[in-house]
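The letters A, B, C and D name the chains in turn, as written, and every chain counts its residues from 1.
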Amino acid sequence: MTMTQSTFDNRNAAPPAGRHHPRAGLADTFTRHPELVSLCLLVAICVAVALINPAFLSPTSLIDMGRASVVTGLFALGVFSILAAGGIDVSFTAIAAFAMYSLTLFVLKVAPDLPMAAILLIAVAGGTALGAVNGWLVHELRVAALIVTIGTQYLFRGILLAFIGTVWLMELPPQMVAFGKASMLDVTTANGATVTLPWYFLVFPAAALLTWAIFNRTLMGRAIFATGGNPEVAARLGYDQRTVHLFVFAFAGGLAGLAGIVHVCANRMANPFDLVGTEIGVIAAVVLGGARITGGTGSVLGTVTGVLLITVVNNVLVLVGIPSTWQRVVVGAFILLAAAFFVTRRGKLQSRNRKPSP
Amino acid sequence: EGTITTVVKISGIPWFDRMETGVEKFAEENADMTISQVGPAQADSAQQLQIVQDLVAKGTDALAVVPMDPAILEGIFKRAMDRGTIIVTHEADNQMNTMVDVEAFDNAEYGAALNARLAECMGGEGKWTTFVGSLGSRTHMQWVGAGEENAKQFPGMELVDPNNESFDDANGTYEKAKEILRKHPDIKGFQTSAGNDVLGVGRAIEEAGLTGKVCLVGTGLPNPSAAYLDSGAITAIGFWDPQKAGMAMNAVAKMLLEGKELTDGMDLGVEGYNSVTLKDGPGVGKLLIGNGMVLADKDTYKDYLF
Amino acid sequence: MRKLDGRLAILSMLVVVLMVTGGLVSGGTYLSLFNLQSMATQVPEIGLLAIGVMLAMCAGNGGIDLSGIALANLAGVASGLVMTQFIPVYDAPWLFTLCFTLGAVVVGILGGLLNGLIISRLGITPILCTLGTQMLFTGLAVVFSDGRSVTIGSPDPMYELGNGVIMGVPYSFLIFLAVALVLGAVLRFTPFGMRLMLTGANARAADYSGFAKRRIFTVTYTLSGALAGLAGVIIAARNVNVKWDYGTSYLLIAILVAVMAGVRPEGGSGRIVCVVLSAIVLQLLSSLLNFIGLSNFVRDFAWGALLLAFLAVGRFQLIERLAAGIASGITSARVPRASKG
Amino acid sequence: MTHSDPTDQPFLELRGIHKRFGGVHALRGVDLTLRAGEAYHLLGENGCGKSTVIKIMSGAHAPSEGEIILDGRRHSELSPIMALEAGIETVYQDLSLLPNLTVAENVALGEQLVAGHGRLLRWLDRARLSETAKKALREVGLEPTRALLGTRVSDLPLAIRQRVAIARAIAQDARLVIMDEPTTSLTRHEVETLIEVVGRLRAQNVAVLFVTHKLEECYRIGGQAIVFRDGLCVAQGPIAGYSRAELSELMTGREIEARRYREGHPGTAELMRLDNLGSGDGFHGVTATLHEGEILGITGLSDSGRNELALALAGHREITDGRIEMDGAPVRINTPAQSIALGIGYVPEDRLGEGLFIEKSILDNEVPLILDRILGPMGTVSRTKARAAARTISEDMKLNTTDVDLPVGALSGGNQQRVLIGRWLSIAPRVLVLHGPTVGVDVGSKDTIYRTIQDMAERGIGLVIVSDDLPELLQNCDRILVMNGGRVVAETAGDTASEDDIYRAMLASPAEAAE
């Protein structure tokens, strides 16, 4: 190196908070990894609930929460991918409903012998295709993804209910029933009740792992974040925007398709009215997991944490004895408090930053 | 001549699909009239209100409505009747502005009957809980209320965490039921209200291997509940036939259109409504109560295949 | 500017097209005074909520208000419970109507203020904040009313407010138009409105211009809350009763109305006349489908298709190109795209 | 590496390139030839099409007409990935960094993207990523510590970002490196590094294309000058063959002499006094005065505390120590609004991000500070008054359009800056802090802006210019404060100071400076 290091010392390059604050190390970790904040929150809530009602810590309740988180979790991973690319999606529930219902109908009416693996594959493929439609529209119409996906939510749901069917399918094909029932782990409680952890539970961690790999081990993951950070710049730097848009929406669609089939199998019936309406809650879970609604941030770990947070809160209301009239108030207050906790943790750190504006 | 439109809470679900078969049957029998059924795409009283309002504006002669929420429709019903539209309702015994409200049975009797069946299964003792579609659903609250009242006969029965909301969503009900099973491992009974509740709770009981140990009695339809009834996860279901209710509503509407008089004990020509009770309703109209209540279990549900 | 006017043109055109179609397929009933009035009374609730959504969107910062209908219901429930308690509904109809209206609007303002404060002081993302308050408001309405519907009653002034007409036009529709007009003027001509739009366009530049950004957000969401309160009054007046779960489907519809009106979710632009027209278009379409007797699922489908068609029209500037002939190329606004090879 | 001989076939040729943006004809038939190993300086006023031509070379824009010959092959347009594969690396005017990615990723991801021909479904080679990043960062004089590699770019100060952007461009085997105004926020020493980098690149037979408004740098680097005016290439030749005046004339089509603008004298009344002012770890112990009609320059390295001081005066940064007096009375400045109420204006450095409402009209951009003063009878903003006010500002600032309804985004950089300054003039400020008033502004616009500054001083406004463009300070200021390590280390008179003295004070280690 020929230049004088004294002028080029990069003190500024170190994160600004790191210089004068002794506790900055921890604080800095929180800023960089907002998912840790959610993790702390999750632990705090679990401890609090366990203190109020120790039954919370029984394997049965943990297993129950685990399986309850699968569908939301799959959705959330998709939403996270789209948020990371700077978009948003409210149509994924409609995609899931579409995929699950039309596929179940298809298997019942046309191909009763279709193996389960093929059913899952078709569900993913179908979801991917519908997701790709979203991605294509978002890319070609160049409008905010929120608007496009509001449109496609109505469109997909409208097509499903108006043209495909509304009749509930109570008798699922046997292979789907078997898939929903196949148990990985059985726990028997004192009163003789058994709690089973079904195999399909694994779909969630597997999808999380896949998402993690895509985001952290492939160029696509970086391209998605790049697009979320600044789409124009990303385009200029050679990240093909069309590919990114198609990919994230298709990926989210695929996950939604999968979620739909899991939902049907777990539920043992196909109700075309299901799922639509839960999208805002899923988005809330992802945002609570540290992804910003403006894009370019977030992590898979955070998303999983966010999903667990929402699942736990929704599943302990009775356990801690909150009467049903008060449950909405409690969940609403929880979301606000969690978000406030989140923001103040982050805000404290940012005020140390040299950035001028709040 | 004359149009009767049936407006249901939400279209597409089994209950109202069954009702539609009744409406269609009635339409066949009255080929000279224009008879149809519609309903909103979402379970939202505001959407139903819009449909009713548009139908009134369109000039439909008679409306047979199953209100999502009777209170919300009071305003438009009043205006409709002022305009000369015939209004008949169902499942709305508190509706002020209706000409006739057709009930398949007395709600208090029904709730008590469900509970009696539950108590019988539970042997009159143990913890039990209740589910309603939503806290805002009046009939559901009436049923569980009557159930609670009935359970007082059995000092051994202890009601815990009552009035859980199911939102008529089988999956949500399933989660909630599991949570209750965890919190109260010694629970013995569930009394449920919305059509899907038995499916969710039934699945929770079956998966926990508690079939036969926990009793479940609630409103449900025979076909969807069949598997759980067979396995014993559902002890018994209570219901009335929406097909018959649909026909009854339309029959009443037709009579009103023709200017005929309704009388106590009359026969509407519909099964379960062969000898109806006619009372003054809470408002301007009459309350017409049939005897359409059905309680079915494993052995008897096959008689009602819908 | 030009683009927004294009949108205005399409919306106005759609109003005409839908009216004519409706008139034709219904043999005229659709255009009868009664039906026009009936449709007009249906517009205000969703229209007011959509304006609330628009205000929040215009403020930028990811602004959106998901709590509108929940707050409207809470306003109706809370004010209804209190006022029916203290004021004899039918003995003092005017006093009651006035107090109920005032009460509901105050509840709306308080709820909106809560949103505004949380968003501007705590810095919580609007979507998360209003999602939380949506549940909170709904929950409070449940707690207050024990989940039951609350009867407000229909003393004459209330009835008139909900259903009465003056010179053939429903009062509620007039109120809606008046509110829209006033807010339109506020946005365009008052310092607050201009600051609001500028803040939405570039929040940091607004900072450097010394705008009291927090106050702007607070006032914006408070206004949105006030509109929700007013919507609550109209709902009560129209339906005689209010209930916590009324209009759950309005959440997305209000956003649909706003985006169809060309309000940019990124903030900084949007026109109230377009929102009014867009609400009217959705109403016309949905009533038309009810007239035809098509399943309501087709309506969902039609709305989705309509919205997407709108976007395509805007994207490819079909209106402008129609007007200007096919003179200028479509490639003008294209973002560079990598081609294979 | 395969490098062609400079006398051989040219690396890149543009032939008859036109570019239209809607109605704007930004390029009107540009012909250009770039050869390996040569340095080029693309000169021209704001808006003459420099950035546009660069974007065509890098594949960010498709030309409306014309052809691009790359390594002897004809193309009607390039895609970003094609350009990258051919070895065309670009440092854009806006740096084009990805704010949410780390330094390492920003610098080195491109290599893997290009290796895969732009395909995104590929594994990421993390080891190689960090290797490449380390190497490139060292080249631009940044020590690639783990902390730096893992820092998100949004957390970096501007000067370091600029170097990261340069590192990105040289991270792979480039054959043409394009830099669009790469030195705007670099201090002189950092510029030296850059010049060395350029030398090394040329030695490796890489072509370098510079866009800059700083002619001094061009002369130092040497090579070819390419002068643009109104979307046309009006001259090309060795830069040493042109004098400054000639270049200015070519660029503007008129003559502009370099001179000291400051002619007036400050008044005697003390307007503002900073007493031992401090703000956290930004700056401390700053004592200074500002008189009516005085122009005070403040300079220093990017981390000297000069930016923080400017922000503190505008109410954007908390003041933790000391006090500010205006007219002899202590005042509090905690928020921008307070600062504005006191008559202190602030023109931010980042024109697009912090200054302008870019989609809004010129009118909307000029009146936001006086909304309360142009009210009509109803308490609403009077459109006629607003229009009149905007017209006056536009005229005062000599905008090149009289249409105040035009979106401000349609203006060139120089005109945009004038709109921004005009906005502040509208409140008749007592003190105006100008942060980098001519960053990225061409000679012609600079002239107008400097004249305006002098006018303002004549009117008794106290001006503070925070800048690292020393000639600018020397031409305009009465006094210049030099900051270093958060303190004021030197104060010189504007007419007698020499650039060298100031540099020395800026660059001294904080310990030396304290003496």
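Quick note on the criterion: a residue touches a chain if its C-beta (ideal position, glycine included) is under 8 Å from a C-beta of that chain, and two chains touch if they have at least 3 such contacts.
Model, not experiment: these values are computed from the prediction.
Interface comparison, A-C versus A-B: the higher count of C-beta contacts falls to A-C.
Chain A and chain C have Cα centroids lying 29 Å from one another. Put simply, the C-alpha centre of chain B and that of chain D have 72 angstrom between them. Chain A and chain B have Cα centroids separated by 37 Å. In whole angstrom, the spacing between the mean C-alpha positions of chain C and chain D is 43. Counting partner chains per residue, chain D has residues 55, 60, 79-81, 118, 316, 354 touching two or more of them. Touching two or more other chains at once are residues 11-12, 41-42, 135 of chain B.
Each of residues 157, 161, 166, 235-236, 238, 240, 325, 327, 356-357 in chain A touches at least two other chains. Pairs of chains meeting the touch criterion: A-B, A-C, A-D, B-C, C-D.
The residues of chain C lying in touch with chain D in their complex are 1, 185, 189-191, 194-195, 197-198, 201-202, 204-212, 268-269, 328, 332, 336-339, 341.
Of all residues in chain D, only 21-22, 55, 59-62, 77, 79-82, 118, 314-316, 335-337, 339-340, 346, 348, 353-360, 364, 368-369, 371-372, 375, 378-381, 383, 405, 423 touch chain C in the complex they form. Considering their complex, residues 10-14, 17, 41-42, 135, 161, 163-165, 169-171, 174-176, 178-183, 185-186, 199, 203, 207-210, 213, 223-224, 226-227 of chain B touch chain A. Here chain A touches chain C in the complex through residues 90, 137, 140-144, 146-148, 150-163, 166, 232, 235-236, 238, 240-242, 280-281, 283-284, 287-288, 292-294, 325-336, 339-340, 343-344, 347, 356-358, going by the rule given at the top.
Partner chain C is touched in their complex by these residues of chain B: 11-12, 36, 38-47, 49-51, 53-59, 69-76, 78-79, 83, 134-136, 138, 141.
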